[in-house]
């Protein structure tokens, strides 16, 4: 089986550590992730509000390339990219006429049959079964698993049963030795796209998330989306100013958590790249 | 020589809007064997039917095709019209030009052409139709009512009062159903038990009603007028004739901490128990799962204290076979399982409860004797949030429909709370207020205006606990259009009304249709709301769809009257669409070779043997024979028969072949 | 086979049976069926590897039935057919005497049909590898090519119905191919009629065929129609477990399991 | 050139799929005109010979549909039908008759949407496969003879 890999823009920029840690744990588990050749923008945020055909063509081109490279699965770690790719696949499989139109635009064969995995699905399928052997230094801390909006939605496409109270990340963290706390902000909005335009809204929304996680005793927030990470980590000044106090809870990617539990070095996990310093060894 | 009449209906504009009906009639008129063809605005109307009758008489028609709606709608109408004109009713067929053509296609040449094709197909079939005569079967004038809630109680009483025997089967130890659990009822606020229990007693005392509680339907065979039902009477571990209902056993039973089903887990019961004080019959059963004797082999306290020696530990389930002529299904509904909404914390937080649990809290016979006290610490809640549409109208929860009763009972709950806790504050998150019903809207107004219940239009996204309070996060979509958070002491979820978990299996046992939510399907959404697609089986109450008490009672009486109509005659006619083994001249007698594969395939054991003998009485041949009383006309045997020796009347090999050829060969 | 002759003669002598159906010497190196009604005729009975006709076909024929109660020489393929005919209520134990012959050419008696079934459990139908290979090769062809292959193969069929006549399980009083109300199958031996006839024949043998190859052996044109029934035998095994006649097992097509698996129904 | 309009015949049972197709109508869900229904009491009644006849009479595609397993109005007609379809499909496949041209489905009385979907997707499939010329050629032999 050939597993493709679509990084998207974030993983090559603001969330390089997500990329590094994902590739590191895949390597550790003996899984090859093949980056698809000449990939392009997924069209997240703007395209689907402006130009329907463009917003479908952009992801479709990436899917078609993956098909042409004979990949069976395509891992898309960024939740926003994943959402665009999955929605495109869903819409084009529902609407055959539209698929014809898009296929013509792509000017390459396009079956629309590749299996797209988000990071949690990838981990569940390929990494979790090998964790028993791979976990070297369990993370014995309380963590808050934060899913955000795009990983589990929309419900009718993702077919997730617990889309208001997902558990998949919690289960993985448990396998790493951590104790995922029971908390109500798993899928609350972090402020998402307002990160740049209206930072104070992010401060309020992300602030409530950070406060609740801290209040319930979590020592780290675990995420699986570059946007969530930016808002919770990079926007800490806005958060602190909304909460009127300094919050020091670190925010890590699930892949980083796995990397650390596998005994990889902090540098291999890329945790030096965060704004809020990460020190998970405190309560070991 | 075929002289077929073709009658094309406009159905107002339902057909004529997309199909060129005049062209269809014209094209039909040119078909070989068609002697008369016309179109008309409403074929099913009196003038329409008269037109058919006249045409039959004037043209000596020997076959009729009506191109109109689905035969599932009006086949009986037109067959009857033909009969009145002296034509055998089974010489009439219908082409489905509405449901299968005009309603599903846009106006176009292709649509008209399809209508012509459908009519031609049925014309070719009807040419091969043969006059058939209804089969008379005797009617067993006993009704089986399944479910002893208010629907089953009402239906039983009505049928029994008309003078017929009724067997009422209830799966729980007592009849009464959900209605017996309710505190007070909207919109009058009269006490549910006060109006229900007299009816329950009436059932117990009625000479025509045989009550079987703690019993379930195991099997149903046969057909309208002559069903054979097998009932499993679960072992109650009690000799009901000896038990005098004194209740000593239930007070002495040492296993006392079993969550009471009747009190929705808010109260406790013993292992030998009567579900509630007014139960009918007022005799206990032993819950084997929780009884120390059954589980550990020790105890028998009940046996020791029983003054009449009525305890029977060795009692076993009993299967009872009953002959019945009609069945009323009145199995009610259930509420959505708490696992359905983890975001509301049901099951995680003790003070998040369902509407049904609130009924028990508010009920004078409930675990708090009618005081609103929250389950966690028994405190009187100062602030309650009610969440309407908890699951309902939410496709993501698998319940896209409206549960219909929640708007009203939530208003009632808030009202009852305000009446009992004057200084308390109540909030209702709602999507829309659906209060269509006599005095319903006025009732909701009263809750808002007089009892000052705070209605917030918006949905709740999350309920979580913080500092001993339940934080309800929702949105107010009207005035502020902003997220709201309410710190509540208790949250009541108006959980969606869903089909009973056993509904699907029951439907399959009885071969009645059910919808995608496992509610039983009525035969027609408007005109046959109490019938099922299986003749002789009727529906009453919330097993068909969520409904409130008045509606349930009306439907139950409706179902009862259908049963009474059925029982008004000693015999009923059945369609003769059954299988027949052929006969041919000697020395062949029948092409059947007697392999009896048809017999092993028949779902009704309707195929037996027939010995063909010569004049001296010597057996020449053994062939299959269909018992017309048992055959239901599925035709499975027909498709099996290699030598085509068995055929089904009305769907014969010749007819089906003719249809295939006609359908595929136009121009 | 002096023992066979002795046994047959004794049966006729004692009037236990009125006719012995068996193999005899034919023209050239071939064998033919003989119907011995006299003790003396029994001497003509032979049995060797050339005796491949399925004699069970005569058990249901009216002309043979008229001769009286038969004894039948029954090597393994015939035994299978006898068992299937018993399953289909065409013969009863008292109707005939079975002169069973094992694959080692030894005589064997059967007290009952059940005894035949027990015996056959050690002689299961096995489709030879050369056939499975051919079937696989045909199935591997592109669909249009496969169709063309069969149309070509069936082209030479002239509807002599020898296949039907040779098959012990084609015992219908009136074959549906002869039914004209309705006309199920196009009459003449043109491609459509041939195709329909052979589909119907195969379907009517679905779950019943005991793989005796009598149809193929009888075909004057050598059309490989036995590949159709063999392929269906494989389908029976793949979808419903074992194949082969059995007295207490329902016939494949007149029985079902609620959890029968398929992958093509939406 | 006009687009190829496939001729598709549907064999459906009275209790589930026929009623389901009625529901498609009452719900006013649109579908292609190419499919025309013949009503049977039960899928158990649907003789494989009728399917064969349909191809012989020029059908490009066939839909066979009835009650879901366990839902048969007659208890088990659909179970028998399913076995028969499994065997028939295998035989047709062996003979090179294109099994993609026969769509089997379970459509209940409540599945009006599903019926429309089955119809439309079958019409699309048959449209892509094109007219069944291979079979027509075989069937057309008769006509040619008659015309001479």
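As written, the chain order gives the labels A, B, C and D, with residue 1 at the start of each chain.
What we mean here is this: contacts are C-beta pairs under 8 Å (C-beta built on N, C-alpha and C of every residue); 3 or more make two chains touch, one makes a residue touch a chain.
Nothing here was measured: the structure is a model prediction, and the numbers come from that model.
Just to note, of B-C and A-B, the chains joined by more C-beta pairs in contact are B-C. Chain B and chain C have centres, each the mean of its CA atoms, that are 51 Å apart. Averaging C-alpha coordinates per chain places the centre of chain A 47 Å away from that of chain B.
Between chain C and chain D the centroid-to-centroid distance comes to 33 Å (mean Cα coordinates, whole Å).
Here the CA centre of chain A is 65 Å from the CA centre of chain C. Shared contact sites, meaning residues of chain B that touch two or more other chains, fall at 601, 640, 653, 657.
Counting only residues that touch two or more partner chains, chain C has 176, 184, 253-255.
Annotation, chain-chain contacts: A-B, B-C, B-D, C-D (touch as defined at the top). Those residues of chain C that touch chain D in the shared complex are 135, 138-139, 141, 143-151, 176, 184, 186, 188, 190-192, 195-196, 199-200, 202-203, 206-207, 227-228, 231-232, 235-236, 239-240, 252-258, 260, 262, 264-266. Residues of chain B touching chain C in their complex: 588, 591-598, 600-601, 622, 640, 642-645, 653-654, 657-658. On the chain B side of its complex with chain D, the touching residues are 70-72, 96, 98-100, 103-106, 108, 110-111, 113-114, 117-118, 121, 507-508, 511, 513-516, 521, 525, 533-534, 577, 601, 603-604, 632-636, 638-640, 648, 651, 653, 656-657, 659-661, 663-665.
Those residues of chain B that touch chain A in the shared complex are 341-343, 345, 348, 395-396, 461-464, 466, 471, 473. Residue ranges on chain D touching chain C, taken from their complex, read 48-49, 52-53, 56, 69-70, 76, 79-80, 82-99, 103-106, 118, 134-135, 138-139, 141-142, 145.
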